[in-house]
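Structures follow.
In what follows, subunit A forms one complex with subunit B and a second complex with subunit C.
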Partner chain A sequence: MESMAEVHVIGQIVGATGFSESSLFCKWGVHTGAAWKLLSGIREGQTQVDTPQIGDMAYWSHPIDLHFATKGLQGWPRLHLQVWSQDSFGRCQLAGYGFCHVPSSPGTHQLDCPTWRPLGSWREQLARAFVGGGPQLLHGDAIYSGADRYRLHTAAGGTVHLDLGLLLRHFDRYGVEC
Partner chain B sequence: MAETVWNTDTGEAVYRSRDPVRNLRLRVHLQRITSSNILQYQPVAQRGKDLIDLATFRPHPTASGHRPNEDEEEEIVIGWQEKLFSQFEVDLYQNEAACQSPLDHQYRQEILKLEDSGRRKNRRIFTYTDSDRYTNLEEHCQKMTTATKEVPSFLVERMANVRRRRQDRRGMEGGILKSRIVTWEPSEEFIRNNHVINTPLQTMYIMADLGPYGKLGYKNYEHVLCTLKVDSNGVITVKPDFSGLKGPYRIETEGERQELWKYTIDNVSSLAQPEEEEREQRVFKDLYGRHKEYLSSLVGTDFEMTVPGALRLFVNGEVVSAQGYEYDNLYVHFFVELPTTNWSSPAFQQLSGVTQTCAARSLGMDKVAYFSYPFSFEASFLHEDESAEALPAWPVLYCEVLSLDFWQRYRVEGYGAVVLPATPGSHTLTVSTWRPMELGTVAELRRFFIGGSLELEDLSYVRIPGTFKGGRLSRFGFRTKTTGSVTFRLHCLQQSRAFMESSSLRKRMRSVLDRLEGFSQQSSIHNVLEAFHRARRRMQEARESLPQDLVSPSRTMAS
Partner chain C sequence: MAAGSPSVFLLMVNGQVESAQFPEYDDLYCKYCFVYGHDWAPTAGLEEGISQITSKSQDVRQALVWNFPIDVTFKSTNPFGWPQIVLSVYGPDVFGNDVVRGYGAVHVPLSPGRHRRTIPMFVPESTSKLQKFTSWFMGRRPEYTDPKVVAQGEGREGLCHSPLQRGDQGPEEAGLRHWASGHAGCPGARPAPGPPAVKVSALHCLVRPPSRCRPSSSHGARQCHHPSACRQCSWGPWGGVVFL
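And now, the complex of A and B:
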């Protein structure tokens, strides 16, 4: 039993569809529980700004390559996303927050991660329609935890598409079926 | 050599090596089979392979009847980038006027030295190394088709450039500034380096001068025997492949005097000493072992285990979306109900949740609200009551969709429930929902203007009410209306000691029930084993605490 359980997450953030804004970029991060240790890879990142030419899909093809080891199953890696749009003046405005669990079964997974954004009062909604801006989350942890979500009033945003490949190692030695 | 099996596969072969390429040694063996007048008389022989064998078989006795002199047969061992001069080059460079570049002069010196000592080791076989003019020329003028004139394209020019410029490429790679991702004004040099593959490549040609006896040193009789290419990553490309057991290659010369030659190429690079290899392997093993230890020390190896006989169920899930509802601004209230028997959950677990309120957007015909609401929980199943024949009940996920309007009034939009998947893996569940309905327009009007409507008093009524006792469940008289659906995405994990054994026996997924059978036996065996281990440990401790002479009386007696 001297081997540790390991997880490789290899994939990419392909792009996003369904956003009303055009020039989009995405900030992403991976959050894990205390039993998990990142052995190699970058835990968070930001894509380039992509302006779709045909159709409404923005492609980022942003690589994700992470190697975790763990002592327990609690706190499985979770991926949180923030989609922003950049306008012609270089101003950035929030387009959506997204969340998805990293799948726990080995293989490739095509994930569609829907997003939402805080709506704000009708004044703010009006202001957003004309000059942009709009409310954002004060603490980013509300994206990947559900505890205080009920306080929010949100609007549905677009969808972020991800391709993730999962490689698991030594989980069978601990009697885990995934 | 009773029969010759020709190797007609002249395609390239790729090898990889971590060793320095200068250790590469090739043995080339070239032999004239016939001055092939016979081939001219037997045009049929060229069609079938068997007939060719016959044809080559026949002249053989005459060939071996001759003394195998140097002109007929040649064997030579060539190192990587070792220069062997052809007769043509020997003749050329002896004339000083022909020497232009420093390389030419260097060759001249070498040739003069060789001629003086008379120790030229090759006659027909010679090489063109990476720095030779031929190598560039060959790459540039190589024809791929039968077209009379091939115009080299842009890419061809670039590729030739790349290969030639490989020496000063090395520095460039590190020199590109990391901070600047996009170059707005690419330089000539930049384009040259980046528009084509840029693996530096070294080439070497092994050639043969197949001129008739006494007429060596004519360019027309030069034939390529083998092309070797090595890149900086240790990839060695050999075209054609080493002969090995596959038989020799053949060359038929063209022209009036058709001649047939055969040749073999073999890899004779000296192997590393076994002890050296062993040492290298030991060093690698040591390195990897230490790296592994380091990683293990970072994480720790004490993986969280279940109690024997228990099944732990982990669910990482998300409330993805809700679609198709009548009113806007939806939120979902959900909870997981564990069956009353055998299931338990750690106290800190949250088995319920309320999402944010989300304004829907239209997607096709439907209106969709996105939540991306994460939840995860664990529960364990302990089969205590072996006598019960009933199937183990599985946890159920209940959900309730509500809408909130501008005046902060809420309406029930739907109820739904789904049994959690019993197989591990990723599952997307779409739960269709319904809501209780009152007949008549008045009720609908009330719902529209005032909000609120019929609600279930007990959410468990969605499936089997908690208070239900009896044989038949009837909902007659209860009217509902179909509403939208809620999408959940669940990633399930199951952990049990039983799986450790079954996976070692290579049993694949069966029904969960099968796999959990005999839980109680297993746990009782485990208990016995545990007790045995405890007793043994106590005995050992007692042993160690005893005085040494008491433990081994024989030794004290002997001394």
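And now, the complex of A and C:
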């Protein structure tokens, strides 16, 4: 346990741009391989709803602080994100799915994560345009896995911006360059 | 160094809360404090501060300059819970009462050197239309009793779906939903009436093990002193690049 390689991911989900909806919030989570263990921190969370007063960028400033121990490099952590919008009645509607790999080099990184949303049939598109709602993924793993993606027809959403810092420890003991 | 033995390191932070852009407000002051994990402890300096009240500059910049110093040193054995600076900005409303104009938080940079951060500010909004009206009518905004909640990631969904119940808050502060946010633009690119944002500049970060447990390996502390710029030193066990 003590001799395992360790990874710290420290940073923020800063906010999002490019979404046509206002009043956005983000559900996020971290997916890792089986060799990875979360020692401390929260694996998933949700931001507050942000309504920009100036400009079109929604700011969440949502802190992330994760401490992993790992026995192998396979299954390097990836962050998956779901951006939702909330209308004036409190109804929530999906605005985009996205994922990004946690960088593997130590230091600070500014990441931009593009998002997409399922389009559905023309009836569903029409219904979404007028009453809202729209199709959602039944299983969230399609956000960060490549399998079964070919079934989907999607449209572009906005971009989520992240600031992540990475600290690696004990990787040199296993001959991993970092 | 033996594997797993607690390795203490120090994080020195100094810098200043430089200025702010709040196009709508004037005569503002700011408070700063640090939020950090259980393994962290401040060893020197002030971890809280409250600035002077500043008025907008009379030129085109409309800048609120505080030039407020921050100088604090932490020690820890574990990077988890890395310190965050929490800023809250207050100013008088038309009746002269102090009202919060923005909250913001950012992690202390992980890499040593000089950094400048522009922190987007946001304020909580009441959940219900009635609370919105009463807070507008009474001239009182919802506030956090403890600004440190903006550095926590948990419980934010309560700010969206259901009222955030906090026993120690007043009635109109109990239900918080939207955080209305300002915009932090690049100050160079947007010199005209800017977005509400606070700039923290010259955060010099220095991470080093304290002298009593300096590692004896070849990765030991290398310190290079620069008279004016930041000082750096590197230390092996934490994967050389970041803990420079």
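Keep this in mind: the second predicted complex is superposed on the first by the 175 of 178 C-alpha atoms of A that agree within 3 Å, B and C clash if a C-alpha of one lies under 4 Å from a C-alpha of the other, contacts with A are read in each partner's own complex, and residues count from 1 in each chain.
Keep this in mind: a contact is a pair of C-beta atoms (placed from the backbone, for glycine too) under 8 Å apart; a residue touches a chain by one contact, two chains touch by 3 or more.
Because the structure is predicted, anything quoted here is derived from the model rather than measured.
Of the two partner chains placed by superposition, only subunit B is touched by A:109; subunit C is not. Contact with subunit C, but none with subunit B, is seen for A:11 once the two complexes are overlaid on the shared chain. Shared-chain residue A:64: touches subunit C; no touch with subunit B.
In the superposition on chain A, A:29 contacts neither subunit B nor subunit C. Of the two partner chains placed by the overlay, only subunit B lies in contact with A:119; subunit C stays clear of it. When the two structures are aligned on the shared chain, A:150 is found in touch with subunit B, with no touch to subunit C.
Contacts of A:140 after superposition on the shared chain: neither subunit B nor subunit C is touched.
After overlaying the two complexes on the shared chain, residue contacts for A:132 are found with neither subunit B nor subunit C. Residue contacts after overlaying the shared chain place A:73 against subunit B, while subunit C stays out of touching range. On subunit A, the patch touched by subunit B and the patch touched by subunit C overlap at residues 2-3, 39, 105, 172, 178. By the touch criterion stated above, subunit A contacts subunit B in their complex at residues 1-5, 18, 35, 37, 39, 69-74, 76, 78, 97-101, 103-105, 109, 113-116, 119, 143-146, 149-157, 159, 172-178. On the side of subunit A, the complex with subunit C involves touching residues 2-3, 8, 10-12, 14-15, 23, 25, 39-42, 45-55, 57-59, 61-65, 67, 86, 90, 105-108, 163, 165-172, 178. Residues 295-296, 298-306, 312, 314, 316-318, 320-321, 329, 331, 353-361, 363, 368-376, 378, 424-426, 489, 491-500, 503, 509 of subunit B are the ones that touch subunit A when the two sit in their complex. Against subunit A, the residues of subunit C that register as touching in their complex are 3-4, 23, 37, 78-82, 84, 104-107, 109-111, 119-120, 122, 125, 150-154, 156-157, 159-161, 177-185, 195-196, 237-239, 241-243.
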